[in-house]
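You will see subunit A twice below: alongside subunit B first, and alongside subunit C after that.
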Partner chain A sequence: MVATAPLTRGFNCANCGAAVELRALQHTRAVACTSCAAIIDPRDPTVFVLQTAAERERVTPVIPLGTRGTWDGQPCEVVGFQRRSIEVDDTRYGWDEYVLFNPYRGFRYLSEYEGHWNDIRTVRELPRLESSGKRTKISYRGESYAHFQGATARTDFVLGEFPWRVRTGDEVRTADYIAPPQMLSSESTDDETTWSIGRYTEAAEIWKAFSLQGEPRSASGVFANQPSPYGKRLKRSAAVFALLAGLLALFVVVRLVSADRERVLSERYVWRPGAGEPAFVTAPFALREPGTVEIALGASVQNAWLGVDLALINVDSGTAWNVSREVSFYTGRDSDGAWTEGSRSSRVLLPAVPAGQYYLRVEPEGPTTSPQVPYTIQVRRDVPSLLPYGIAILLLLVPPVANLLRMASFEHRRLQESDHSA
Partner chain B sequence: MMRAALFLLWGSIVVGGAAMADLRGWLGARPATVRNVPRSIRENPGAYRALYTGSPRLFGGK
Partner chain C sequence: MRGPAGRCPNCSAPIQFRWSSAVQTVCTSCRSVVVRHDLDLDAIGEISDLPPDSSPIQLGTEGRFDERAFTVVGRIVYEHADGGWNEWHLVFADGTSGWLSDAQAEYAVSTLVAPPPQPLPEATAVTVGVGYPWRGEDLQVTTLTRARYTGVEGELPFEYWGKDEVLFADLRGHEATFATFDYSETPPLLFVGRLVEYDDLSLRQLRSFDGW
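Moving on, here comes the complex of A and B:
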């Protein structure tokens, strides 16, 4: 005999006698008594008990059956609840599923695992296999989904109405594919495979939609299709970085183009060992504007060194800025081949020297055994330095790099829960 | 969004600071400064004894 629609909107449980109300009426293929959890076929005129409640722990749904709300812009009612689980490495991991019913839209589902919620609909189009390499990818409506996890799911506890003949202990092979915040899941038996698509949903949305009391439990860990909060942050910080780096580059270009680099002294000298008092002063020169001053020393040393103590002295105020520079250059050959070491030139940048008349006091020093060493001293005003800009670009990289590392850590934690963890 | 605004503010300070550091030579050498050097130094440079920040000298090759 072909199953027919239920005769009434309710009946008494054939197992315990409690009143059982039907909300989805002719759509319901099985209903679990909310009193004794016996599973009943409501289409059978004799209200046949499909399965009596086993000795098991009762589960209280967070969203009570019969709760009504507006979900996705449509009124709906929570008509069923089941707890399912999978076993991984000898440990069972359980999650809850709620059956929502709208007389015109049919069924859809909410799932919850460790505070993570998904809004699930069955799909009619078959996803297309995209690649079957190390990590299988499938395509659905133009979006690519990567394989996440496969397992055997078992139904552990049911309450209320279901659009299929649910039974506790039912087992199906599941496979999840993710493209956060979406997740495509297949459930296969020997006879058929059904596909559904889930969208990661904030618990607060559900609490608001169904006017639930209290606060939802906090989500723990990273769920398979949980969207990374760092993706958007990374994009924003990269955009801000690009803006600031562009501004910095503009500053560098303007500075390189506009810096005076005015040469105010350029002299050649010769250092002679044992030639009496080595110290001398240069002719006065003018720094017409305040700013940086670069002193460059160059010497044609060969396997020798030359050190110079320098004092930039203001003629009027008598203020002196003292620095010392040294050049040394050595060459040779050993078992590794020819080598060189050191440099024949050296520069020093003095910060913010006031405008005025200046002279240099120079005191050269070198090895007493060397022949005479010719050397040059050049002084330039307003010389740009790229070092501050280099440091700035490194500092500007900190936020986007931090977001990149956080995002990588988030994705690593996500994959830890999958079949593809390292 | 708040983080991006803070980054923009902080980054602007960094960029402005870099420009100032370049103009003012904040990251240049830190020379020892001596005040009131007598004018006679120009006639007798050897009499000047400066406070040098010093630099390590290399006395030899590889």
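Moving on, here comes the complex of A and C:
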């Protein structure tokens, strides 16, 4: 039979007479009366008022003191509450901290700033300085944390029990380092530096754990160690992109391998300067299936050019596709050595031509002074075009790129609140 | 494990040492501090009641540290300006002793390292931030505490009686290593161990608390 020991004790506040309860008994180093907020020494509560309530606005904790819950798989009780604040650019930013107690596992803390919650514990390993450049990095249990913000935190209001001698007006120097969803924080006085680690926690998790009424207020802005929702989305959209791009690549390969590339016309001509009206038509040829048509012009020009206006004309309907091609090729030698410019061949791909009988109307044009130029015209059907696939890849890239931009914007908003904003 | 037995020199109640190397115990009947000189027992004084305490640990609590089973056989209660803590005297299954410190349910297990591998700084020279090399790690003094004991209970490996305020320097490392310089003796004592989670210790035979 194991006897149980008392852990709670009640007394009347030496300042206002209201009932005060100690829930963590000997662990408690200071208790603030929930009625008048006077801070009392629990070792002799009827005598020692450590501090009468500061004349500040009373703050009501969202989680009432005495609330029990199951946190991290263990029962615990909310025994203390404080409002703290820092000053940045002449503005005070306040946040709340709750003291959780379990008689076996000791104390841990919850903090809330503008709807953003953290689950905080003290750390056992001293963090190690990793690099102290523009943005200091420290490592803790093998993970790297980047400096976020340094400030002086002031305790503005307290209620209930604390495992240290809390006072309103207490000031400590703080430094926060982040590796979302974790945040390492140091609090320093002249005598001591203590480290704690916070884990960003969804308010709904806390509401459930402590069976709280109503809805938590929605979080505003981006908090220091809030995990980016876009990291996950970026990963997902990148995975979808990789999958679809892979499929697309497969289609491209199949298309490249299976395309007919059927030659339907291949003719040689000679351009003769000053030969009068140069236009002519080719013999008709058949395109047996609708699809792409490639027209290629080749000419053995040397320091000369040759242009050809071409029309692909349907024998039955007279529908025409007009294209112009020009080739030019020049060589020479200068102080840098030999050079060449231009190309002796040129091709054009018509994306969608119906099946049927066709002929080409050809109208060559060249320099009137040059010697005659032999040239070839070739027509092939079902030549694969990569353009639609390129467009498809660009479209597929839209979601991951959008998520990347959103992620960058999220990180930018996060850093806006730090000492390292641009 | 059963150690030597005898009778309290003050009230004749039976005294049973649980640990063969115990030097001191407190008579459970009259609260005399009983010191053992071989098998003769001397009562050297009476202690006041222990201060009320909220530690879940008590004499007889059993647990494990790095797979080594231990039993809690004694305790020293320290108090300082801002609070206090317990040093629970552990006896491991192999008969060696160690300490489980419990400061507001933050736990550390340590053992005496004698002699220290490097001399410890003088009490006047130790400040927060002072380093001490330990097995390739650089430990740092993180807290200085001036404390006095307010009670003893059970069996202890030395005579602990009537000491004045003592300086303790707590050190930490990057791997949860924990050390204490204890200036109750000259030269000072070195204890080294590790900060541990409650759940790491597999504690049994604990106190239970109303409502928990």
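The rule is simple: the second predicted complex is superposed on the first by the 312 of 422 C-alpha atoms of A that agree within 3 Å, B and C clash if a C-alpha of one lies under 4 Å from a C-alpha of the other, contacts with A are read in each partner's own complex, and residues count from 1 in each chain.
Simple rule for what comes next: contacts are C-beta pairs under 8 Å (C-beta built on N, C-alpha and C of every residue); 3 or more make two chains touch, one makes a residue touch a chain.
Just so it is clear, the structure is predicted and the values come from calculations on it, not from any experiment.
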| item | value |
| --- | --- |
| Touched partner set for A:Phe107, first subunit B, second subunit C, both or neither | second |
| Comparing the two partners subunit B and subunit C, which touches a greater set of residues in subunit A | B |
| Which superposed partner A:Phe251 touches (first subunit B, second subunit C, both, neither) | first |
| Which superposed partner A:Glu192 touches (first subunit B, second subunit C, both, neither) | second |
| Touching partner for A:Pro163 - first (subunit B), second (subunit C), both, neither | second |
| Partner chain(s) touched by A:Ser385 [first = subunit B, second = subunit C, both, neither] | first |
| Which superposed partner A:Pro75 touches (first subunit B, second subunit C, both, neither) | second |
| A:Arg128 touches, of subunit B and subunit C: first, second, both or neither? | second |
| Contacts on subunit A seen with subunit B and repeated with subunit C across the two complexes | none |
| In the complex with subunit A, residue positions of subunit C that touch it | 51-56, 82-83, 104-106, 128, 140, 142-144, 172-176, 178, 195-199, 206-212 |
| Interfacial residue positions of subunit A with respect to subunit C in the complex | 2-8, 24-27, 29, 75, 102-107, 122, 124-128, 163-165, 191-193 |
| Partner subunit B, residues of subunit A touching it in the complex | 233, 236-237, 239-241, 243-244, 247-248, 251, 255, 277, 279-281, 291-293, 303, 305, 307, 309, 311-313, 317-326, 328, 330-332, 334, 339, 341-342, 348-352, 359, 361-363, 384-389, 391-392, 395-396, 399 |
| Residue ranges of subunit B in contact with subunit A within the complex | 1, 3-4, 7-8, 11-12, 14-15, 17-19, 21-39, 41-42, 45-46, 48, 50-55, 57-62 |
